[in-house]
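The next part holds the structures, each set out as structure tokens.
Common to both upcoming complexes is chain A, partnered first by chain B, then by chain C.
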Partner chain A sequence: MTAQLAFLIGLVVAIVALALTRKQWGPAAGHAIPSIWRIAKITVAEARRRRVIQAVVILVVVILVSMTFFSYLSPHEQSRMLISGGLSAITVFGILLAIFIAAFLIPQELESRTVYAILAKPVRRFEFVLGKYVGALIILAAIVVVMTVVLVGVLLIQDQLVQDLPDSAFNPNLEAVIFAAVMNYFAVAILTGLIILISTVASTTMTVISAFIIWAVGSLQSTIHDLAEHADIAVTKLLLLVVYNVLPKLENFDYRHEVSNYMPINVGSGIEAIVQGAGYTIVVLILASIFFNDRQV
Partner chain B sequence: MRHRRTPIGSLALLMVGILLMLIPLQESIHKARPHLFDPDRKTRRVSAISIGPTPAVIAALGGFRTLAADLLWLKAEHVWHGGSWWAMLPILDAVTQLDPHFILAWQVYGWHSAYNLHAESETIVDKRYWLDYGVKALERAVEANPDNWEMIFELGWTLYDRAHKPWRAAEYFYRADQFPESKSYVTRLYYRCFERVLDFDRLFPALEYAKNRHADPTVSDDVQHQVIVTRDMEWWTQHKDDPMEHRRQIVLENTARADRAVPFYLYPDNPYWDVCSICGLPSPKGSEVCSVCGAPLKRLSRGGVEETTGVSRQSNL
Partner chain C sequence: MANDEIVLSIEGLTKVYRSLFTPIGIKAVDNLNLSVYRGETYSIVGPNGSGKTTTLKIILGLIYPTAGTATIFGKGIADLSVRERIGFLPEDAYLYDVFNGEELIDFYAGLFGFSKRRRRELTDELLSLVGMQANRKVPFRECSKGMRQRLALAQALVNDPEMLILDEPTSGLDPAGRHQMTELILELKRRGKTILLCSHFLAEVEEVCDRVGIMYRGRLVSEGSLKELAGEPDEIVITTEGLDSGKAVEIAALAAVRNVDDGVVRLGKESAGDLWSTLEAINRAGGRVVEVLRPRPTLQDVFVRAIRQDAEETVEEVQ
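Let's turn to the complex of A and B:
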């Protein structure tokens, strides 16, 4: 009941806020999309030139392919190992690439002073921030797609090569694997938004460190919630609740456990996590735009 | 360079609105994935002896718990092949604590304790300890995986076959049998529990129950099941009033026959071996002649169709 009330109040407040600002965002919306798209394309072109991204992607592919050498295990164990290890590789390298791509996007523009040339054109600052974000999303989508395709390919090939036993069959669980990879991409997208927010106010080093901390804490949010519930000291409880409510709940997007154990996947909870993540990212990007707008450039 | 004033008030209002709208979602996500978000899942005592990782370590691993369990499982494989049976125990304990839904690990954990370590032990007290340990491990497994019929069956089988507690085993066989994907042998084991101890008050209702299960005449396994159940039902109807000693003798004979190990290559429809009708030994499927005695394994049927001469024998279960 309280949750439903919160939703209704939130809906009313959001509609009122949009109505109040309609004169500002109404005319700007038509102009913003082409500008955002142009900046996103430039961001993608810049990322393509960075060798480190290509090297990391090749490394992931090599890791995934090398995971087929567990032939001494039973077929069921092999499929489980491949799925669990493959999805973990996609998660780790997806997050690492997100951190190292997003953390450099805005600071690099500021350091190289190319931002002056961009902002001298009819480009608003929020368009610049959103363009950078969309560009990062495109690059990360391409990387996650490549890694997922390789994992699915390895699973399909192994499914053909491994001979099933009467009580142990190789089960590639492809639909669930793809679902888990897609959910992982959404986690990466949320973290990217947050990294861009931090990079508007902090240095690159600080952004990278903060991103790792947020990733670690965001992946343990249910533990933090449990700790908050069991905390005896009021200040500790408050601190933990603040962390729980402010940082993204990245473990909502983590389906590795269910997929590796061939458990039924609750798609509804995945959709809810995406909606929640989208709302969170919108808030984060609004904040990033505000901070970047107020920054002396 | 345009630099417009930010409408901070309106934007703050918008952000508050969005965040309020997100509140109900987290509650719903928690309810949908209780195995990940149930607040009791980490504080629950998961091991009879604390040899696995602490709850703090498990929590710190976050989403990488499954991967950690897999890596330890690989270690368990090495230890197993090295013959260090006692060293398997802490590894299996850690694996099952890290990933309580890893069914194979639970099965091996329970079986290893109740069978291998029980057999390795020298005193009766030690044997009893490891048998109970295996049963307890499987009970924890069932608690962690109440929706997995194989896990429930495994506990039932250990109680039936190793702990010799058929009434308790019957409860688990019955529970496992309620799952649509359960196999017909589970249904038959349910009434065999009562058969073994001559509990006729429960045996006949259990036979009636088994008769009504797996009754699809188009499924070969169901047909086989019906034949076995009908045979057993008729037999017990005929012999239920025999002198007790006679019935006990028959049960012992039946049990001995059922428990006798059937060579793996004699299981029906095995995809790997053909059995020579002359010497009775296996050769790889598709061989022209027996690899032991050289007798031809294939012959032409009357219609000119090639047939294997491999024999198949039904398990008494």
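Let's turn to the complex of A and C:
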């Protein structure tokens, strides 16, 4: 509660500070937003031309559709399995695509040296970083939307197919499924920001490895917290607390269990996670901009 | 064309690359000082690894200097208004390879905040200028090296820059492509652009540049106009026909003559007063004078001389 209050106070202070200093940053923002948007657009356009992402999305769609073949299960079990499996596919492939898209965004520009012609134009380095991030968000949003629409479609079709069966208890739980997919997208957005930060200082390989570790640890944050509370050795405790406080709490965005088991969903805690995640991502992107600004390209 | 207004000023620029394995560092640029004036075409020439590209990268703000400053139009490169007024052609034309010329120009023009209509006009103008109008829909990755270089030049011109920075603009081009690029640079020069060019193709530099700076091991070892660098012609070359080998030996024995090789008689510049008597001797020997020239040293000669001199000085310093 104290942390949440501190966060809210910080947010209010930041908004007031921005409002009071708008004359200073206003013109800069007026320049920055179109630049960020242009870079985001070219990032999206480039990703569309490279067929790898489409191939992965098609694979996920095939997996989702193939899940309808489990007709030996009872309708209720089938709906649970479809929701759980479908959301897991969206989560895993969403995260995997986020890792592989974000980890290559900036290093690829440096390696192919396409960044030279851009940074020689009136584009600030933070605009480049944010443009890349926004571009990645748009690509990932499109991917998550496609996968969610397919999952919803599969659930609706299956619902139609089994509704005439006696004792049908198929429940597509659509609202909750969409909510879980949206929450997954926010987790992807946070992870993308963090990967971009790492990619500004590390090699692509290191970035990919770090991203997988962060994903794993971020999905086990409550376990990390428990371990920290029960750790006897001070150094271990400190290390675990640092990990707990520094890495994003991705498990707060994971609603697969609640949705597939038809448990009530606490939307408030979801919104709280989103607000905290947004603050975390802002900090991460500021750091990424600072590191990239200092980088020799 | 050039006037006294300094467009680019570099003072004491030094860049040392340090790493874990080279804590002392490698000096890529060493206390470089140079100025480029409005309207002039200045070329930095030097062998690979002499610090040319590092210098350009510092000027463009892509890397940061260890010491010294570089200003364009009196301002640091971090000032965005500077980048509104310059254009950069990177070596080996690194542009997004999935897009075609039309899309690339549109994108780069968009970074200057031009409207959609203006971007369309610019795309037509620039693709025509660089001769890519017919190939405007060809994806960059399918373009030949020459087409890529021309597209890269077009993107450098989207803001109608006052100053152009060209890094090895003819690198990797065939003779025809090199000629086209040289013609384009000359056209831009005629339009009054200030051009800073890095190259190791000395013939191209000789053709387009007003002044040349020779870089070697990170230092500017020589600088000036080609005329200044070349100095006075140091020999007179007489091309002859019909001079048999016996007579050639007789001519070579004349005091004024440096040597005779394959009918070409060379006199030192100090023997200019003996030119007529030498021509008469050639005539008497049955030779026919085809041509008499006082050739200036080429940039190649100047370049080799400057580098050799610098290497000798370094050896002396070490000793």
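As a convention for this text, the second predicted complex is superposed on the first by the 266 of 297 C-alpha atoms of A that agree within 3 Å, B and C clash if a C-alpha of one lies under 4 Å from a C-alpha of the other, contacts with A are read in each partner's own complex, and residues count from 1 in each chain.
Heads up, the rule we're going with is that contacts are C-beta pairs under 8 Å (C-beta built on N, C-alpha and C of every residue); 3 or more make two chains touch, one makes a residue touch a chain.
None of the values given here were measured: they were computed from a predicted structure.
S.K.: Check whether A:A45 is in contact with chain B, with chain C, with both or with neither, and answer first, second, both or neither.
M.R.: Once the two structures are laid over each other on A, A:A45 reaches chain C alone.
S.K.: Have a look at where A:L119 lands relative to chain B and chain C in the superposition and call it first, second, both or neither.
M.R.: The answer is both, since A:L119 touches chain B and chain C.
S.K.: Who touches more of chain A, chain B or chain C?
M.R.: In the superposed model, B touches more residues of chain A.
S.K.: Check the residue A:L241 against both partner chains and state whether it touches chain B (first), chain C (second), both, or neither.
M.R.: Touch partners of A:L241: none, neither chain B nor chain C.
S.K.: Quick one: classify A:M206 as touching chain B (first), chain C (second), both or neither.
M.R.: A:M206: touches no partner chain.
S.K.: For A:H31, select first, second, both or neither according to whether it touches chain B, chain C, the two together, or no partner.
M.R.: After superposition on chain A, A:H31 lies in contact with chain C alone.
S.K.: Jot down the residues of chain A that show up as touching in both complexes, chain B in one and chain C in the other.
M.R.: Shared contact residues on chain A (touching chain B in one complex, chain C in the other): 116, 119-120, 122, 124, 297.
S.K.: Spell out the residues on chain B that touch chain A in their complex, using ranges where they run on.
M.R.: For this pair, the touching residues of chain B are 1-4, 6-8, 10-11, 13-30, 32-33, 35-37, 39, 42-43, 59-60, 62-67, 70, 73-74, 77, 99, 101-104, 267, 270-271.
S.K.: Which residues, counting only chain C, touch chain A once they are in their complex?
M.R.: Residue list for chain C touching chain A: 57, 60-64, 80-81, 83-84, 86-88, 90, 92, 94-99, 103, 107-108, 110-113, 152, 155-156, 159, 165.
S.K.: Any idea which chain A residues touch chain B in the complex?
M.R.: It is residues 3-4, 6-7, 9-18, 20-21, 24, 70, 72-73, 76-77, 80-81, 84-85, 88, 91, 116, 119-120, 122, 124-125, 166, 216, 219-220, 222-223, 225-226, 229, 249, 251-252, 254, 256-258, 260-261, 263, 266, 268-269, 272-273, 275-276, 279-280, 282-283, 286-287, 289-290, 293-294, 297 of chain A that touch chain B.
S.K.: For chain A, which residues are in contact with chain C within the complex?
M.R.: 31, 34-35, 38, 42, 45-46, 49-50, 112-114, 116-124, 296-297
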